[in-house]
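First, the structure itself, so that you have it in front of you.
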Amino acid sequence: MLQSFLQNILNALQWGSFYSLIALGYCLVYGVLLLINFAHGDIFMVGAYIAFYCCMFLLGKFGVFAGLPGWMVLAVAVPLTMVLTAVVGVTLERIAYRPLRRKGVNRLYVVITALMCGLILENGNLALLGASRKSFPTLVPIKVFEIFGVTVTNIKLMVIGVAILSFLLLHFIVTRTKIGMAMRAISYDRFAVPLMGIPADTVIVFTFVLGSGFAGLAGLFFAMTYPVIDPYMGALIGWKAFIAAVVGGIGSIAGAFAGGFLLGFVEIMVVAFFPSTYRDLIAFSILLLILSIRPTGLFGVARRTKI
Amino acid sequence: MQRLTVPALLACLFGVLLWAAGTGALNVYWQSVLMFMGVNIILATSLNIINGNMGEFSCGHAGFMAVGAYVSSLLSVALFTKSQVFGEPLIGPAAAVWLFPLVLIAGALAASLVGLLVAIPSFKTRGDYLAIITIAAAYIVKSTIENIGAIGGARGFMGMSAVMSAMNETINLPWILIWVFVGTVFSVWLIRRFIYSTFGKGVDAICQDEIAAEIMSVNTDRVKLVAFMVSCGLAGLAGGLFAHILGYVNPGTFTILKSTEIMVMVYLGGMGSLSGSVLAAILMTLLIEYLRDAFGFLNTFLHYISVIPDSYEVTQVWKWVVIPLLLVLLMQFRPEGIMGRRELADVFPGLRKFYKFKG
Amino acid sequence: MLLSVQNLRVKYGNIEALHGISFHVNRGEIVTLIGANGAGKTTTLLSIMRLPPPEAPKVVEGDILYEGQSILGWETHDVVRKLHMDLSPEGRRIFGNLTVMENLILATYARKDGEEAIARDLDRVLSLFPRMSERRKQRSESLSGGEQQMLAVGRAIMTGCDFILLDEPSMGLAPLLMYEMFRTLKKLNELGLTILLIEQNAKVALNFAHRGYVLDTGEIKTSGTAEELKHDPEVKKAYLGG
Amino acid sequence: ADTVKLGFNIPLTGDIPDVGESSKNAAEMLKKKINDAGGLKVGDKTYKVEFIYEDNESKAESALSATRKLITQDGVIGMVGPQSSKQAVPAAEAANELKTPMMAPWSTNPNTTKNRPYVFRGCFLDTFQGPTAAKFASEEFKAKKAAVLYDIASDYPKGLAEDFKAAFEKINGPGSVVAFETFTTKDVDFSAQLTNIAKSGAEVLFVPQYYNEVPLIVQQAKSLGFNKPVLGSDSWGSGDLMGLCGDNCKGFFFVTHYAAAGAQGKTKEFIDEYTKLYKKTPDDVAALTWDSANLMLAALQAAGPMSGDLAKDREALMKAMAGIKKFEGITGNMSYPATGDHDPIKCAVVVKIDDAGKFAFYKSVCP
Amino acid sequence: MALLDVKEMTQYFGGLCAVSEFTVALEQGQMAALIGPNGAGKTTVFNLVSGFYKPTRGEIIFDGQSIKGLKPHQVTSRGIARTFQNIRLWFEMTVLDNIRIAQHHALGYGLFDCFLRTPRYMQRERDIEDHAMEVLSRLGLAEVASELPKNLPYGVQRLVEIARALSIKPKLLMLDEPAAGLNSADVEGLIKLIGDIHRDYGIAIWMIEHQMDVVMSLCSWIKVIDFGATIAEGTPEAIQNNPDVIKAYLGDDTI
């Protein structure tokens, strides 16, 4: 009993890590543009595919060169994936979001555009790469340790570590640095930002680089953990991660991080101790409760309008 | 006199539909397309109250649709036909024709009650947090249904088509078509009267400046409550019709994707524009149906001019690339939707004399 | 001539707000624009700062020269960081989700002139508005109207620019503080700060400024030194309240 | 009308697109074969056959509207598919209502054909598959305790899981299924369920799931320290199981409809031709679709000359199909009972995934 | 007996005491002012009275009944209307609609009336519209009735806000810095207008204002607060010459 409880805590940590990683990206972009970037889940998916092709290439599967050992591939794939995914994210912002921003339209129209871009990524991928799924290569052979009845794998540990590090990094950037302040300022009043000598668009691009980059990272590790990748893999987890981000208090990095793990825990624990069909029911009831009690999420600050 | 033009037109349209359906000039397939169009109109216009007029961001409309769908389906199956789930009918097929509208209304009421699930939090919670509450509510509804094994759980529930045929046996008319038509007209009419009253304008006031509204004597809580319940109720109505058109309901239908589909119609039409939502609903339905076949032709054409190798086929998959693409482009060129905040009457003032808005 | 605006015509969408106005500001001067509500004062400043539409207007004709070179093609943040020109906008536009201190620090984003210069300006601002140092950790959106105004002006000073445009800086300030502020600005001006001021209270404005322009429905009506304007009967009647 | 139209209601997109692809491949191959031979001879006329493929996105409601479209809009005389019971059950209802013959090649869930005169199927039932699996598990692995992990949101896995449970507990006594864990379509993380299973001390894990879920389940089971054999069902055979699962699945068994490896006769011809055409060995869904379509066409010929009035012809076709009592397919012989639902009596095969990753024939189980 | 009677009202924001022990009694039809340095707590007082904040301590009696803890819209229905320090109109709706919506407190019909367009509904809608037009024309805004506020000059927007508050038929009208952002000429117009309103409608008016000419020429009684606490109250003359007030607030006007 206790063992399986501990085991499930571990499972929850792993599952929550992914929610957190994705939620962080949501949170960054939202924190700047108040834009719910619904394409984020699919950028995560694209990240996984990019990671897939990077690894295939580095493993020499395309016969270009001999190929590297697994761990080295991983070492190279991480930055490569992050950069390439970032490029995708920035492209979206350039061709789809920025023009709308320039026109000064209601932000919900940008949100809808984001949704559409998400669909395009999903189905575009489906149409181009074909329907059949891809199996992600095993870079580091799974090692299963057994510590008094609780089984841990190297992958699990790696994932959890990555999530925590990413959080610390982003939290530092947003709260401590000037560019972090600039990000938050943009979210409050984009008009006044240039008057501080801040090139708003640069800051925004920077945000998308960060956000998408970490989506890519998430994609890579997700594919390593659940090595069957398909074009729709990002849709559901994306939505849930977004929900987690909001429950944590959207716009607050710490919130997103906590929210992600919270959701992960609830889901795993419910499945472990109730019929799995109760998962969404219980999980979302809890979230709904939290939001009705703390209308701005766990870490969010109410935007007090002074009259 | 001219005030009556619109009712007159509607009456004609109604007649034509009946005739076409009766003579089979309009085959079952196209009938169903039209009916889905109607359902979409109800959904879009009702969501428009929340996402358009109130400026909130509700992503859970499908959830309320689901409530309506299930409640009315269960009722009509239980009341009018024998089924594995409920066994013998409680009232019997003969009554179906007369009681069917009540079944639909029951569904609507149930939905608007579930609407409280978001209406009440909305007093305190706003914006994107409320958006999440709506999503959560939708999920809760969906997963509640999935957990009731007796009615098929996640595997869906069927038997409504038997009710439909029962109605036809009593009086041979395309009943479902009739009710969809009536329901659509009714909803639009209801919504219009609501949002053009001083009472309903409170909704826009909340959207533009809630604090001012509250301090200028608008009982924001009450207005929100009413708005949500009306909106959700109509969604329920739409759900009921939807279920009876399809003859089968499945919680899997009422996912976020369904909600987004409705949202897209609202924003495509223009936030807060009733006629916009109607137009958008019609366009979207047609577009999707058209693209269903378009690819066949496209394929042969592309092969013919051999831009793509015969081995490669442009399949249905592209449909869901093309549709969002079109929408994205449209957003770029018409960044506030087809109608913006305006109504048909603002675009063609000529129309004004045919129907008055205020008073 | 530091800044010269030549025959400037600007539009919001297709409403023309300025019908070709020309004026100039010399280095070290205090110049004021006075005019009725809706005359186009704010519009002028927004177009000088090259802020983007739709909030700001689009220039359809005329030119804006900074030391003889046109800045029409420039972006706002370059105007600030390269020309050291800054605007304290109408309606404060402070960053409510940042604390008072963060607002002031953010204003130094583009500054290159070293820490001690920043420190100097900071305590200049804090001694002018002691309230700001009391509230340094408060989220600025919960500041009172006047306090927000202080922050907005303080921010403009913190950018370390040598040419600042002030849009109704005294709006909502208590009399005492208003005079206090103008005195400080005067001091800064003597230290070489150039100021272009918009002020509803024409009396104060003309006491403060060296020269002034009277703007009316998008056109320059009269102009001259503060003294001349103070005694111009037209101006007296329209703006100095008889 | 010198063409006869058959509709194919298959999942070209969605969760199990490979299933749709195989079905389409088989159908195309059949169409080509017939039309190259001049066409299909019905009565004294020969018709060209035309197949219309409608995508059901492997969603129940899409399958339903696809059915309606095929029948009312495209005016097909009969419909093949849907493949998975999730879609087949509701689709069958519609087909039956619109009085159009439907042939479900691969839907093993009993409800598909249950008192629906117009609905037929080309494969055995889960009420047979379940016990077969249970028996095999007890005999092959000497298992006294079994665990099941299945998708409760889909008819097929749910039905089959329950059949298996019943049968296994009949053999090994009540409570011998020590873990009966569920998940929901599209889940990817099964760690919680598998933790329970691993702790339950089961000696075999039965996974009646589709090829896209099996690899994840197997891999996660291993990394949670569960090293007992995993037993599969007919849904394993489809799609790119080995491509996705790799070594993890080698050595496992599953119950299915036919084994490509080591087949001969008609079956072999089919396999060779298919392999030549599409560069891969046909999975069972391809074979079953081939059989089903053939059976329907055979019935069409048996029904004699067509009146051109769809309603009449459809009814005639239905009668003819009901008339067929024996049919020799490449997936083995099917014999239909004289009365009741149109479910064939048919043998199942147990396949072993050998170390080369081939689906090798292991044994055949007949009712 | 006083129209508005505030006793020892106190408001804390976290640690800081924005309003402490605030006490005031306004008579029917009185014209009073509340002044004080920035951040003294004036707007907060208004917010407390109009129900936007709930006081930490103290009592608020209006027209003989306690209105402490009522929701803003309830307070307004009791007859307290206000304007805002920075304009809060519904900028996307016509001026007329802005006024109509302010009639929610006296709607007099329910949801189903407006579904069914009952006679009552029709009657009320007509009354509301007439009333709105009447108020607008009283303030000389009749010709902008169908304009969108966002396209109106600042001065006019201020007037519309006042009109909206008046249309509620309040017993007490609270104006938060009505003259802010108006130029000298418009200020004079405003002074006259407020005077007229006070005379014609005979309502009590209570204003916050930093422009002394407005306060001094209109108000018969002035209260000065700093750091939430009262530092002086009395007639304009008394206040103008009160050394504390001069030191804390008025200052000397040499630049």
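Each chain gets a letter, A, B, C, D and E, in the order it is written, and its residues are counted from 1.
Here, a contact is a pair of C-beta atoms (placed from the backbone, for glycine too) under 8 Å apart; a residue touches a chain by one contact, two chains touch by 3 or more.
Keep in mind that this is a model prediction, so the values were computed, not measured.
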Shared chain contacts [subunit A and subunit D, defined touch]: B
Common touching chains of subunit E and subunit D: A, B
Furthest chain, CA centroid comparison against subunit E: D
Chain whose Cα centroid lies at the greatest distance from that of subunit B: C
Between subunit C and subunit E, centroid-to-centroid distance (C-alpha), Å: 30
Separation of subunit A from subunit B, taking each centre as the mean of its C-alpha atoms, in whole Å: 32
Rounded Å distance, subunit C centre to subunit D centre (Cα mean): 76
Mean-CA-position distance for subunit D and subunit B (Å): 36
Interface hub residues of subunit B, defined as touching at least two other chains: 146, 153-154, 211, 215, 315, 317
Per-residue multi-chain contacts in subunit E, two or more chains: 43, 52, 84-85, 88
Residue numbers of subunit C (touch at least two other chains): 142-145
Inter-chain touch pairs (all): A-B, A-C, A-D, A-E, B-D, B-E, C-E
Contact footprint of subunit A on subunit B as seen in their complex: 51, 57, 117, 120-121, 124-126, 128-129, 131-133, 135-137, 139-140, 142-144, 146-147, 153-154, 211, 215, 256, 260, 263-264, 267, 271, 315, 317-318, 320-321, 323-325, 327-328, 331-332, 335-337
Residue ranges of subunit B touching subunit D (in the complex, touch as defined): 27-30, 32, 146, 153-156, 158, 161, 165, 246-248, 250, 252-253, 292, 315-317
Interface residues, subunit B side, partner subunit E - complex: 190, 193-194, 197-202, 204-205, 208-209, 211-220, 226, 230, 341, 358-359
Subunit E - residues contacting subunit B, complex: 50-52, 71-73, 76-77, 81-82, 84, 88-93, 97, 100-105, 107, 109, 111, 114-115, 117, 121-122, 124-126, 128, 164-165, 168
Interface residues, subunit C side, partner subunit A - complex: 49, 51-55, 75-77, 80-81, 86-87, 89, 93-98, 102, 105-107, 109-111, 139, 141-145, 148, 155, 159
